[in-house]
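The structure under discussion appears below in the form of structure tokens.
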Amino acid sequence: MSTTASSFTGVIPPVVTPLTEQGAVDTASLERLVGHLIEGGVSGLFALGSSGETAYLTHEQQETVLETVIGAAAGQVPVLAGAIETATRRVVERARVAEKAGAAGIVATAPFYTRTHAGELAPHFRAVASAIGVPLFAYDVPVCVHTKLAPGLLLQLAAEGVLAGVKDSSGDDVSFRKLLLGARALGDRGAFSVLTGHEVVVDGMLLAGADGVVPGLGNVDPRGYVRLCEAARRGDWAGARAEQDRLAALFALVDAVEPGTASGTTGGLGGFKTALALLGLIDTPVVSTPMRPHTPAETARVRARLEEAGLL
Amino acid sequence: MSTTASSFTGVIPPVVTPLTEQGAVDTASLERLVGHLIEGGVSGLFALGSSGETAYLTHEQQETVLETVIGAAAGQVPVLAGAIETATRRVVERARVAEKAGAAGIVATAPFYTRTHAGELAPHFRAVASAIGVPLFAYDVPVCVHTKLAPGLLLQLAAEGVLAGVKDSSGDDVSFRKLLLGARALGDRGAFSVLTGHEVVVDGMLLAGADGVVPGLGNVDPRGYVRLCEAARRGDWAGARAEQDRLAALFALVDAVEPGTASGTTGGLGGFKTALALLGLIDTPVVSTPMRPHTPAETARVRARLEEAGLL
Amino acid sequence: MSTTASSFTGVIPPVVTPLTEQGAVDTASLERLVGHLIEGGVSGLFALGSSGETAYLTHEQQETVLETVIGAAAGQVPVLAGAIETATRRVVERARVAEKAGAAGIVATAPFYTRTHAGELAPHFRAVASAIGVPLFAYDVPVCVHTKLAPGLLLQLAAEGVLAGVKDSSGDDVSFRKLLLGARALGDRGAFSVLTGHEVVVDGMLLAGADGVVPGLGNVDPRGYVRLCEAARRGDWAGARAEQDRLAALFALVDAVEPGTASGTTGGLGGFKTALALLGLIDTPVVSTPMRPHTPAETARVRARLEEAGLL
Amino acid sequence: MSTTASSFTGVIPPVVTPLTEQGAVDTASLERLVGHLIEGGVSGLFALGSSGETAYLTHEQQETVLETVIGAAAGQVPVLAGAIETATRRVVERARVAEKAGAAGIVATAPFYTRTHAGELAPHFRAVASAIGVPLFAYDVPVCVHTKLAPGLLLQLAAEGVLAGVKDSSGDDVSFRKLLLGARALGDRGAFSVLTGHEVVVDGMLLAGADGVVPGLGNVDPRGYVRLCEAARRGDWAGARAEQDRLAALFALVDAVEPGTASGTTGGLGGFKTALALLGLIDTPVVSTPMRPHTPAETARVRARLEEAGLL
């Protein structure tokens, strides 16, 4: 059953998973990346998320990733772990493995591949939460799982103590505002951490009351997101906006791939990895099969974004 | 060809279309509603939008609506007119009728019903713009037309002088931020008005630099949206957020319909009409066939939202 | 209210709308095309369907098309008319115009552009049927209107006498089989004509009991579809299949456009028009803005398909 | 690399996975079910498919299933194994485990959860095929993976020897006919087995040239599908259609769940399991969390379908 989630605020980047040329987890690079993020001031780490390439990793690789991240974090910040699997029994299995490895919380989506009914969502999350002893976070990512988690459902599960928070990557603004208003109304009934996954509108989401952000781009520029959150915390909204505008311009590195030639996943996490390799923070920008690597021209575009943002 | 659009900022509500019990346009109620909106301080009016039930109205009814709104506005604020039709030739026809009737600008979507290719969008908007003498606004509403207008396309058409602005109801935050950054970068090459249709996140969108908002809920509470925009303009972001939170709570009136028993259109524009009838601003909450009216229980829920918001 | 539909069987092609270079309806070519189809042995004509480019035509153009087709058909075969509009009131208006022009039946879709609820579909079709004095056919085309008509709904409306038939372009095999089984079970309660719009699986659909087919490709090769239906009628399934295989190969002309450069609508109805122009049956292959014309290379591919099929 | 697939024709049911009340794999029931299918005359078995609840099973449970099915089949018919995982590396891992367990072929989908680009599909299937020594079958199931496998891609991979066949559950008739025509044109370049997953239109698909069918309903009535295929083989199309009509009526058991209260997966595989339990072929109709069991009223409806079909 979930416990308090009060510490899950601020910048919690979904850590990318560096790979060797042969496609193995590059643990040395991963440790270096974790160090970079913690030095950057992040308040938590999210391992095995979409940006962590989790859907491309075997269970064994996932365990290597999680152990490496938790080891490198060394208790300085909590580590959330994705347990992203097609249905309940599989999520529970991965969640237990992650808990045993030291994860401070588990992040799970709605079932996918299967056609999921709205009435199956509460039983799904209840079953996962009851199987673990750390907080459970819902990951609302319809672009991947093709199911939207309704705010009424999330708030009900928050009130029950099943969910400690949500990472919202749904792009549904109405739903997100409902969540924020509803979470505030929960009061004593449960700490519920509302995190946005939309890394280019964090200023507005913090203004609306979001507790934090899970930005893929935060791998590349953790300090930027930390400055953004700090500006928001002290009510410097012009400052928050200026920082967000800079980060939104930097985020254009996900569009470095030739239009129409690669998936959004390749453009996004491949772009982050290419940037991290250019910054010397990881050894290679290798992405998992069947994604393709960035071409030299695409890499040059990523480099240009880094230079414009003052990172290179 | 489009001319300057510099005046299209602030609150521009999509005016609902009051109907008589027999389904005719209730011009007396419509005039009253326009008066209410102008007194509320709106900076423009958008007739024949989705909230204006335009897809349910015959061309003759649409013309009645437009003449009534323009007549009642009497030049106090500009009136934009939707020319929402399946493809170019039909949009042009409606746009010319609207221009002749005195519309200050035309609002058009991507083609729909037909399967539309990305390469057809620029020719579509260029053909419409070249057929009229008032500014053209793109209406980005994938939930209705099942095509997303890419920010690169919109900015290209802005630079060409084809588009004077966009009403963004896409819910795509990344795209919206790109639009805002891109519109700023246009500089002298063209005034381009970026309006959000997402009425519950206006505070954040204004923080990010949006020029204005087209809120269906603005029919019910124009003063609230005007206060929100004014707070933003003077940099009072806490005030903007508080006003938005109040409006977001009021917006729950669109959820007054029994879950699963009506379309989002019925819940939304039917909810706005029910609220307006309760406020005495229009005579009936009648909606077009095949939508159904609100039940007494649903109407009571709308009333409760109005009371909580201090409007009744 | 609908009357008997027993004559709506066999091949009922959705007649394409030839245009002049200036985009006007080319009535002379349209008359020629109708003559070609009737000589080809079709049992009816469907004017103002998707293949008839109806979504691109103004109401005035639509009326010209309908008058021309009905005039050229001269009572030899019945003419169905599409009344394809966003919502009920508009469909009724168009349906009445078509009835007055002499249409033997009206074809209407679910509402589109608006978000439509399942509960709105029966009222929609009932309202249309009660406004006209000729049979009403439902057009099930989710790729265009983004709503699927459930077989239970269609059969209920058939039993009520609201619907005289359906043109199924949904690609939902399970649903189609249910329709066929259900229509048979209706017995005396109503003639209900189940027509498939899937022109490459007509053999299988006739085997399953379909009453007829509405093939866009039937513009190009009406005799082929007539032979296919006749083979099926006499139980010559090997013959039906061979004819269908030939037609399926011919249908590849819709793929003549360079991949990724045009919409399916352009490839499809643009391909049919290009073929008809090559066959000398219409004067130009012009399609409506914003669709683009076939390039010479694409036209050559259409020509190759016609030659392979023995039509040129 | 794939080898000949010539034996993969006829009826190859996707074997359901019986569970105990505690959710463990019920190997005794599974063995009984396999015996029932082989006695029913099926020509192969497909373990760990969608109907086999594979997305709900842990890897350990999947291995138990596969060993049980292969053991019970005892070489009488070949056993295909699903390796249904989010991306390439994971598919390869599962495929190798299955090959080692004795699977005669592997069935894999496009990547899912991740956003997949068309250009990634060929590398994906090539990587899987090159990692195994048994034939690879593509499983085209866009309703689950949200990617359609284009016939051109499949035929290219067939010509390369990468794919030995496809299970088409896409519901795209045009695509399926192209596959059939293309597979015939391959000639000596590769045996390519085109199997349909659409269990209610098998008569028409066999008429069109399909090599076989993978019917979930074949768990319940394998003899019916075998009779259907045999009728088709001897050209008795009226007989094939009559058998298909009977099976289509039986298939209505998937609609036994109260409308709107459960997913299609629950209605479908839950319906099959309920039927199998009623027939005494498996011990319980238990389905995996978060699916819900059939209610007594729903079970009664399944029973009625079985009785009408003469199975009970």
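Each chain gets a letter, A, B, C and D, in the order it is written, and its residues are counted from 1.
We adopt the following convention: contacts are C-beta pairs under 8 Å (C-beta built on N, C-alpha and C of every residue); 3 or more make two chains touch, one makes a residue touch a chain.
Source: prediction; values computed, not measured.
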| item | value |
| --- | --- |
| Longest centre-to-centre distance from subunit A, chain (CA-based) | C |
| Between subunit C and subunit D, centroid-to-centroid distance (C-alpha), Å | 34 |
| For subunit A paired with subunit C, centre-to-centre distance based on mean C-alpha positions, whole Å | 48 |
| Where subunit A touches two or more other chains, by residue | none |
| Category of the chain touch graph - line, ring, star, complete, other | ring |
| Contacting residues of subunit D [partner subunit A, same complex] | 23, 50, 55-59, 61, 84, 86-90, 93, 111-117, 119-121, 123-124, 127, 143-146, 261-266, 288-292 |
| Subunit D to subunit C touching residues, read off their complex | 171-174, 176-178, 181, 198, 200-201, 203-205, 207-209, 235, 237-238, 240-241, 244-245, 248-249, 251-252 |
